[in-house]
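First chain A sits with chain B, and in the next complex the same chain sits with chain C.
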Partner chain A sequence: MALPVGLKVSTSLFLCPHLSIYSFSYLILLGLAIAFCFVYQLVAIDGLSSSSLVLFVACLGDTKVLAAVYGPKAGTRKNENPEKACIEVIWKPKTGQSGKLEKEYEMILKRTLQSICILTINPNTMTSVIIQVVDDDGAVSTAYFCHFTNTLLPCAINAACAALVDAGIPLKHLAVAICCGLAESGYVILDPTKLEEQKMKAFIYLVFPNSVLSVLPNGSLQKKGGEPLEHGIITSFTQGSMSVEDYLHCLERGRAATSKMSDFLRRSLQPQLPSDSSKAG
Partner chain B sequence: MEQRLANTWRLTVNEKKFIETALQSDLRIDGRRPFDYRKVTIKFGKEDGSAEVQLGHTHVMAFVTAQLVQPYRDRPNEGTLAIYTEFSPMADPSFEPGRPGESAVELGRVIDRGLRESRAVDTESLCVLSGKLVWAIRVDLHILDNGGNLVDAANIAALAALLTFRRPDCSLGGEDGQEVIVHPPEVREPLPLIIHHLPIAVSFAFFGNESGMVIDPTHHEEAVMCGRMTATLNANGDVCAIQKAGGEGVLQSVIMHCLRIASVKAGDITENIKKAVDSYNIERALKKVKRHSTSKPMDVDGAGSNSKEKHNFVHQKGINTERLKPVDEERNANQNDNKEDETKLLETNRETKDEKNFIGAPSSWNVNS
Partner chain C sequence: MGLPNVSGDLSAEMDVDAFRRLFPLRFYERHLVESIRPDARPLGRARDTTLALGAVASADGSALAKIGLTTMLAAIKMEVMTPSTETPDEGSIAIDFHMPPICSPLVRPGRPAEAEPVVSKQLSDTILSSGMINLKELSLINGKAAWMVYLDIYCLDADGALFDAALLSAVAAFSHLQIPVVSLNDHGKVVLMSEENEGGKDPVNKEKRKLTLSSIPFSLTCILHKNYILADPTAEEESIMETLVTVVLDSSGQLVSLYKPGGPVLAYTSAIQDCVALTRQRVKELRKILDEALSGMEVY
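Our next item is the complex of A and B:
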């Protein structure tokens, strides 16, 4: 029931930073990987409940992930708080059975999405987010017997966030995710490819809030008593060891880069809102 | 579990009656005639052995991977082919994650019988060391969207993926010739699988009250139908498998009629698949040709434009390219150079999309020049 409708397809060229950056210099955006975002609409088969079905494809370079959102559906799982809405994440790997790595991804995604959704609006409901990995740009096999590709998780978070927006699930703000790789020499590389991954000693996954203020140019940032909201971090997930300075450098670089990504995400989601009256139900 | 059942979509009685009545006059709700197939679109992924098929609203993806394993004891000279079906909850709210349900298992078995038991894929060529190591081919089918007739779509996806899959070349080496060396794709060109014929599954739906039968039922028609039959045939007219699991009884003459129609449809679909695979192979061969890279640094602020403008970027980049090249030649410890070197290499990597050119890349990462 997927329907790539001319109205709803938003193909935007997204160029994300794909380059080594040393700590002093500011972001020089040369050499960028192309990311496309396609939106398909699953035809709503469910006439009874108000399920919103949305399929969102996010590609970051060669990594491609599909995200679909079903919900809100009635009833939560047994252990969940019925006073709040619940989010369920199902991660489907490209080949093979779901294992521990997939469970870990599901957990990270669930907690990240829970912090951006307004859970008090629809109590005692469940929203399912299903992630399907289509292309993972090769994998880095580590010593832990698990293939871990480093742009998968940020790609999935971006896709899931966009799918939630398209489905109309109430959100506090958007989220934008990025992966930073740290080389031995102290270089920070954003969004590393498969080859670059092999040279990294550590990785950091960061998810930043993507509110309107974060995409405004620097001059008009308004600080409300202390740090602005968009300097917060929703999720930080690290692999490997690094010094505190390196981590803080990565944070700054990542935040600077995500302002461009935030802009792109907003722009690609926007045309859908006014023209599309209701996909739900 | 109750939640899933509660979320199952049900057709109203009015809709059911409408579909049945329309079929009595040979009208289908999507405007097709009773023996018309929906449009089949076959797309291939970046890697070898991944295919995506769209049959109307039904959306299926197939991935093929291979691994070296020990063979079965009673078949020491043959490789294995295994089909795994995943009914993703994305496809339908009633699909549960976790263990495959009844229909998932049935789908897997029908495709398995068509492919493996009819010896479409040659398993003897998958043997590396008799009795010790053989290639095990694994086909993962992901159902992404349920628009009806999953079997046919999944079958086409599996075939397309198997036809474009390339397994690594391996040779025997070592002192006693017992060691197997698997060559990476950069060193030796990977080999395609040997596929003798293409078994195509064609599904029929039977309706009671003299409504007759239709081919390629949609989701709505599947909810109304009384019985279904899947016939797997190849273009040579061989019947590879027939699956009619319960449902309404039909006359023998009807079954024979179905088989005749199915053989015609199988021929059409085979043509379709072969055309798509051929164009993919041509593209793949073109990619292997090493071309002189044109570095394309791109401006992120132009990111509001649609993909047509991508081609216009080349003009802008001409200037940037000139700037990069002379810098490339100097090898000092200036940070800018390293950035731009990296850029040039990254762009080269992206341009050619061929791992043969990557061999130089890691070494030039050396920052302390």
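Our next item is the complex of A and C:
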């Protein structure tokens, strides 16, 4: 199977909205380098059932995740509500078999995606989202303690979300995921690298919605101001202990950073829109 | 849900149980408007909680926790192992959560429940990141021998807030834990000391039979639905209103985990703060329940 490189968006984003607040040189690294490297777009498999396969590669530093979306296919699983569309997430680790960690990620991802999809449009169908970890930055996970790369989950959420857009699955809004590292002295590093991770006492993973505008075809790049929707948390997941104030502080930081990421997502997804007609059949 | 007006008209002439089954969400919303829940609890109150220590005689530490109908049995078994070369002065903890088919009609025999690995992972994450147990305390002889702690939690009845009950039982089992006495045998190996073969050998860990639990984590799960916050949901509530937030605070007030896996309702800062405040109250309650259970043990 040839892999046609449909589009190559290799953009890096560096966000420093709050640089002026901290005068200390090293205190803040809002160095959020998101490079959505390439978007592979493979064939629409079956015109009749309008299945679509979309592969999406999202890279965050050295973390690479491949997301594929198949569906909607007819019929749901057992124990699922047939009046709604069902989403299935399969997480494939880079090597080895999937264990507890992967199952937990599957659950978080599934419930996150469920909350951004409009599930009533295709009732009694199933959409499969397959996440393949391509490069996890040398993450090691043992049975007792997981030293996994902290950017893995946010990266997968961003990739899955973009793949859903590409597959034409009806969405309420996009989800933007971020990892905040909290250091001993209380400063926040967004999407810490592997080296920085070792100095962190806690990690917070946050997923925010972006504004509803972004899924409209004529969505412009205007600032969304203080719209309440994008301040709500879709998903929160933490590791390590911190004070409640630190958490709320991270929340603010995360919000500020994700608004820039939403803009970036919108910019990179907009050129994709015309190609949707080829898969719509 | 699709026909709200129909349900509104029917409610006057319909049997309450039938209405509850047909329009569960509307049934609940009618209660929520009155700030009450179908089981007569106010929105912010958790169900009655009981704790029994030492429920499993053959284990080194065990506890049975009940929150409402949700029942969890936690038991700890300890074994001597050789520590890994990376951490020669630390023992380790393996946590497993089991949901046998008897716990819920949703769990079928032969097929593991979906929640099983998730709760299991959540528990080990919480217990390890709270720093409740100093792994160095589990060391016996540096580089040679350390304790391997197997904590197994069985869900006997799953009626919502599984994680809260599981964490409570795990914490209680750890506080009940009595470390077995070990000694060096003739081959220089660390073995468990039983009653018979005590024969003059010195135990390695004579004075250290209890773990010091530095900060004990307690949790509370809340449902977010519109502007309502429902503490400690039952299984029925969890299936109808899907947005769950689990807050774990330790006894010194540090936030150990804030877990919200998706859900249709977005959590705003005010809702988060309300959940944290409810958890603070709950931590005090649970702390008291645990202390009472522990002091009850000392009498014997």
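Everything that follows uses one rule, which is that the second predicted complex is superposed on the first by the 217 of 281 C-alpha atoms of A that agree within 3 Å, B and C clash if a C-alpha of one lies under 4 Å from a C-alpha of the other, contacts with A are read in each partner's own complex, and residues count from 1 in each chain.
Keep in mind that, in the parts below, a residue touches a chain if its C-beta (ideal position, glycine included) is under 8 Å from a C-beta of that chain, and two chains touch if they have at least 3 such contacts.
If you're wondering where the values come from, they're calculated on a predicted model, not measured in any experiment.
Trainee: On the superposed three-chain arrangement, identify whether chain B or chain C touches more chain A residues.
Mentor: Of chain B and chain C, B contacts more residues of chain A.
Trainee: May I ask you to decide whether A:K103 touches chain B, chain C, both, or neither, giving the answer as first, second, both or neither?
Mentor: second
Trainee: With the two complexes superposed on chain A, say which partner A:I121 touches: chain B (first), chain C (second), both, or neither.
Mentor: In the superposition, A:I121 touches no partner, neither chain B nor chain C.
Trainee: If we overlay the two complexes on their shared chain A, which of chain B and chain C does A:I234 touch? Say first, second, both or neither.
Mentor: The second partner, chain C, only.
Trainee: When the two structures are overlaid on chain A, which partner does A:S185 contact: first (chain B), second (chain C), both, or neither?
Mentor: first
Trainee: Show me the residue ranges of chain B that touch chain A in the complex, using the header's touch definition.
Mentor: 2-3, 6-7, 9-10, 45-47, 50, 54, 57-59, 61, 63, 65, 86, 88-90, 92-93, 97, 138, 140, 142, 144-147, 219, 295, 297-300, 302-307, 309-310, 320, 324, 335-336, 338-340, 342-344, 346-347, 349-350, 358, 361-362, 365, 367-368
Trainee: Help me check something: in the complex, which residues belonging to chain A touch chain B?
Mentor: Residues 1-3, 11-22, 24-25, 28-34, 36, 42-43, 45-49, 51, 55, 62, 66, 68, 70, 73-75, 90, 92, 94-96, 98, 126, 128, 130, 132, 134-135, 185, 187, 193, 195, 198-199, 260, 263-264, 267 of chain A touch chain B in their complex.
Trainee: Mind pulling up the chain A residues that touch chain C in the complex?
Mentor: 79, 99-101, 103-104, 107-108, 110-115, 143-145, 202, 204, 207, 209, 228-229, 231-244, 246-248, 251
Trainee: How about chain C: which of its residues touch chain A in the complex?
Mentor: Residue list for chain C touching chain A: 92-94, 106, 114, 117-118, 120-122, 124-125, 128-131, 215, 242, 245, 250, 253-264, 266-269, 272-273, 276.
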